[in-house]
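In what follows, subunit A forms one complex with subunit B and a second complex with subunit C.
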Partner chain A sequence: MRKTYINGTGCLSAQKTFDTVFLEDAEWNKNDNVLFLKKPVYKDFISPIASRRMANGIKNGIVASAYAMKEANVTNVDAIITGTGMGCIEDTEKFLKAIIDNNEEFLTPTAFIQSTHNTVGAQIALTMQCKGYNFTYVNGAISFESGLLDAKMQIEENEANSILVGGVDENGDHILSLFKLAGYIKEDRKEPYQLLNETTKGYIHGEGACFFVLENEKKESTYAQLVDLEIKNVLQEDEIETEIIDFLKLNNLEISDIDAIILGFNGDVEFDSYYKNLAENAFANTPQIYYKHLCGEYNTASAFGLWTGSKIIKTQTIPELIKSNSIERPAYNTILLYNQLNGKDHSFTLISK
Partner chain B sequence: MDALKLELKNKIITVLNLEDITLGDINDNDPLFGDGLGLDSIDALELIVILDKDYGIKLIDPKEGKVIFQSIESMAAYITANRTK
Partner chain C sequence: MVKGVAITGMGIISSIGNSVEENYISLINNKAAITTIENISTVHANSIKVGEIKKTNAELIAQLQLDKESNFSRTALLGLIAVKEAVANAGITSINEYKTGLISATTVGGMDMTEKYYYDYFENPEVRKYIISHNCGDVAQKIASEIGLKGMVTTISTACSSAANAIMLGARLIKTGKLDRVIVGGTDALAKFTINGFKTLMILSDGYNKPFDDERKGLNLGEASAFLVLESDEIVKKENKKVLARVSGYGNANDAFHQTASSENGDGAYLAMKKAFNVAALDPSEIDYINVHGTATPNNDLSEGRAILRIYYEKSVPDFSSTKPFTGHTLAAAAAIEAVYSILAIQNNVVFPSLNFETPMQEFNLTPQTTLKHKNIEHVLSNSFGFGGNCSTLIFSKNK
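The block that comes next holds the complex of A and B.
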């Protein structure tokens, strides 16, 4: 079975995570309950003619992919796999609003074409003329991990040598208002939003696009090896620790072998206890990292988590801004990521040097 | 007629999201498709909807579009002659 290596990454988020090394320009915005992506100069990557119909999510996906491909020093890949929870929600909103506003008449094609979830992967493929396998996973908060698992299996089984895989989600005005109404997002004007010390329901929302080039060979640009990945849709809070121990055991590891754990804390007091239990018990003596105060919560925010883990292994540094305890290790060679959303869609990702 | 041409140019820039195009870049007799403004078949559908929604003109024969959407001049002339609102 062949190994899978992360050989290039491209990340667009609420922080300036492009054309930087590792969060040196990051700023923690405690004033807003919704974080918006820091836009690159799209014209540097996409011609104005091509980009004029593209939704933000598509443009962000193309740019993040371009960064990942450049880092991995590849011009094409065998497959493109995209994970997205809400797809191009802005154009979906536009299209649905037009139906209502115009009494189901005068419907134009542009917003509809761009509103489908698989448009991001399709446009990335068109940009690089990739005619290989192209698949989009829409599985809530494990959309990205589903794509990652697919890519890993294809590389392991010798079906592909290089795969571009990523997670994309964008903010849409109407969906944000619905999320606020449903109590998913923290109440307006309750700043400062502290994330780790929150006592209220709801999370800080965000958006982003994060892509990775996975290959079957280690090279100069390699960040880390993607060792293993597990997805569980349903787990009780008291089952998480046992699940992690079993997952590590499958990889001949114990908790003490983990050099850092990246937890998906999002500030929601109702579900952050899943992480808190691990942080205070099983992983109390392990360096702990959190990241959603920088990128916000969204269905594919865990891709930002993987980007963070990959950067830690490559640079062997952990920026102070993402440390949630003061424990350090002489080297960060093995990192475990755990993520869930609203107590569902649990994922465990193991990467190593 | 001049006001209508200006209105059409504004609509085309906004609806077709022509970010880098200004009013001054569109001459009344420039071809809208092909070598001129470079519009494509999806844009043609958007233009048909503009005619219907804003001027009450329903294009029944798609072949008519080729003549009508040749330029801002031809669009304005057709709208002036056929508009119902």
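The block that comes next holds the complex of A and C.
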């Protein structure tokens, strides 16, 4: 069975994660409960005419994928696979609002067209004239991991040699206010948001676009090998450790073989216990990393997590800003990621040098 | 040819029936169900016709015996009905006995609730339970939870080819041994959002859709859900399961031409069909029936027709029909309901009629089968194309 390598990454997030090495310019914003993406210079990638009416998610997807392809030194790919929880939600809101406010009259199609979930993947394909396989996964917090699994399966089965896979989600005003109303996002407050030591419901919200070029060959640009991943719709809190042990066993590994664990802490007191249990027990002696204080929580935030893991393996360093304990290892060769959202859509991703 | 992945169960709800049997009876009796919309209040009610399931959400909730306080979107309700029928049809009693997954497909997700309560959410705490239902993944989550499935659950959204891609992924997951059993399909409810979206694109017919007709004026939207159960040959053998048919070929390609229009020569469609033939190791001449995408928009039928002619270059095109005059275009569910119809065609050795056809298109010589035709059916090809140039082809074959 062929192996899968992460050969290029492109990450747009609430931090400056493009044209940088590894979070050296990152700043932890503790004042806001919603984080917004740091915009690249779009005109370097998309003509101003094309980008004028283009949804943010599409623009960000195109730019992030361009960075990933450039790093991997490829000009086209065999397949494009996108994960997105909400698609281009701003256009969805725009079209919905127009329908309701104008009683179904005076509508134009642009917002409707862009609201379709597979628009990002389609526009990337259109930009590079890629006629290959093009899938979009839309299943909450495992939208991105579904794409990774699909891509890995194609590379293993010899169906493709080079695949662009990414996760993209954007902030929309209306959905943000609804999420606040429903208590998914933390209440507005004056005291700083701490993420790890929160005692309240809700998370810090964010947005981002993060793409990867996966290939069957190791090359100079290689970050890491994507060893295995697993998706589970539901798990009880007390089932997670066993699940991880079984998952590692399938890959002939034990907990002690893991050089660092990347956990999806998002500040929600109700569900962060899923991570906390692991951090305090099974992985108490493992270097621990968290990242959502930098990018915020969104359906495809775990793509930022994989970007973080890939960077650690490639640079063999862990920036202080993302360490949640002080344990160190002489080398970071094998990294495990665990993510879930609201106790659902669990994913385990294993990468190695 | 390859053996393909075994289909051991199917379930469906559409405007022409609430079960596989009801759908079949409608198909062989020319009983289309394109009507005036009743469940959604829209200013377009008098100018469009739709393939609407004539059951209210309350009726669906009662049929499913769900808690009245549940927060199911209509899309999830329809999905659950079809999944339950498929699971029962496959004779599954213990859902987690094997490594089982669920791959759903939807384009609207819980949009019906979002558009209903868009502003009400701020005033009325009681309806806030639907906020989370907007998310497309919520549909699959709810279905999995109702049938007690624990495992790989995901959702595909590639516009009108979504369910074809769910079936394709499911088949690949079985082939690679990642799963032993997988429930695959799609579901979409009618919503003001899609009605108005397609209206602005000016591809809705003001009458009844007429696929591959020179006078075709656009599509009728519909709502539906259908799911298949795919199982590994190990399970089929061990449990001596009845195999309804097999998924023998599949292919997805991108037209990379335009966000909402298909290329003139149907490049994406051609490539998708080519890939499917390669996977199935079948020659195009071995196909007995093509269930075309055939939405009856001027653009789709021209592009699809040209792609089919490219595949059948200088050879005769098999019998083909579009079943969308029966059900309307059911978006993410379309490929799933048409998969059920393809399997029914194989099981009953029939070609379903393409209704409303009168005048052949000027651009080429392609005439759909307009009456029910009985003949041996070994292989059916089913096309589904969506926005974003997303083109998918599935091939279903008789179990040998």
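By definition in this document, the second predicted complex is superposed on the first by the 352 of 353 C-alpha atoms of A that agree within 3 Å, B and C clash if a C-alpha of one lies under 4 Å from a C-alpha of the other, contacts with A are read in each partner's own complex, and residues count from 1 in each chain.
Quick note on the criterion: a residue touches a chain if its C-beta (ideal position, glycine included) is under 8 Å from a C-beta of that chain, and two chains touch if they have at least 3 such contacts.
All figures in this text were calculated on a predicted structure; none of them were measured in a lab.
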item: Which superposed partner A:Thr119 touches (first subunit B, second subunit C, both, neither); value: second
item: Partner chain in contact with A:Ile49 - subunit B first, subunit C second, else both or neither; value: first
item: Touched partner set for A:Pro109, first subunit B, second subunit C, both or neither; value: both
item: Subunit B versus subunit C as contact partner of A:Val234, first or second or both or neither; value: second
item: Chain touching more of subunit A, residue-wise (subunit B, subunit C); value: C
item: First (subunit B), second (subunit C), both or neither touched by A:Leu178; value: second
item: Common interface positions of subunit A, toward subunit B and toward subunit C; value: 105, 107-109, 113
item: Contact footprint of subunit A on subunit C as seen in their complex; value: 42-44, 102, 106-107, 109, 114-115, 118-119, 121-122, 128, 131-132, 134-138, 140-141, 144-145, 149-159, 165, 169, 172-173, 176, 178, 192-193, 196-197, 199-201, 252-260, 267-268, 271, 386-390
item: Sites on subunit A touched by subunit B in the complex; value: 48-49, 51-53, 102, 105-110, 113
item: Residue ranges of subunit B in contact with subunit A within the complex; value: 15-20, 38, 42, 45-46, 49, 52-53
item: Sites on subunit A touched by subunit C in the complex; value: 80, 85-87, 95-97, 99-100, 103-105, 107-109, 112-113, 115-119, 121-123, 125-126, 129-140, 142-143, 146, 149-150, 153, 156-157, 174-175, 177-179, 181-182, 184, 231-235, 299, 344-345
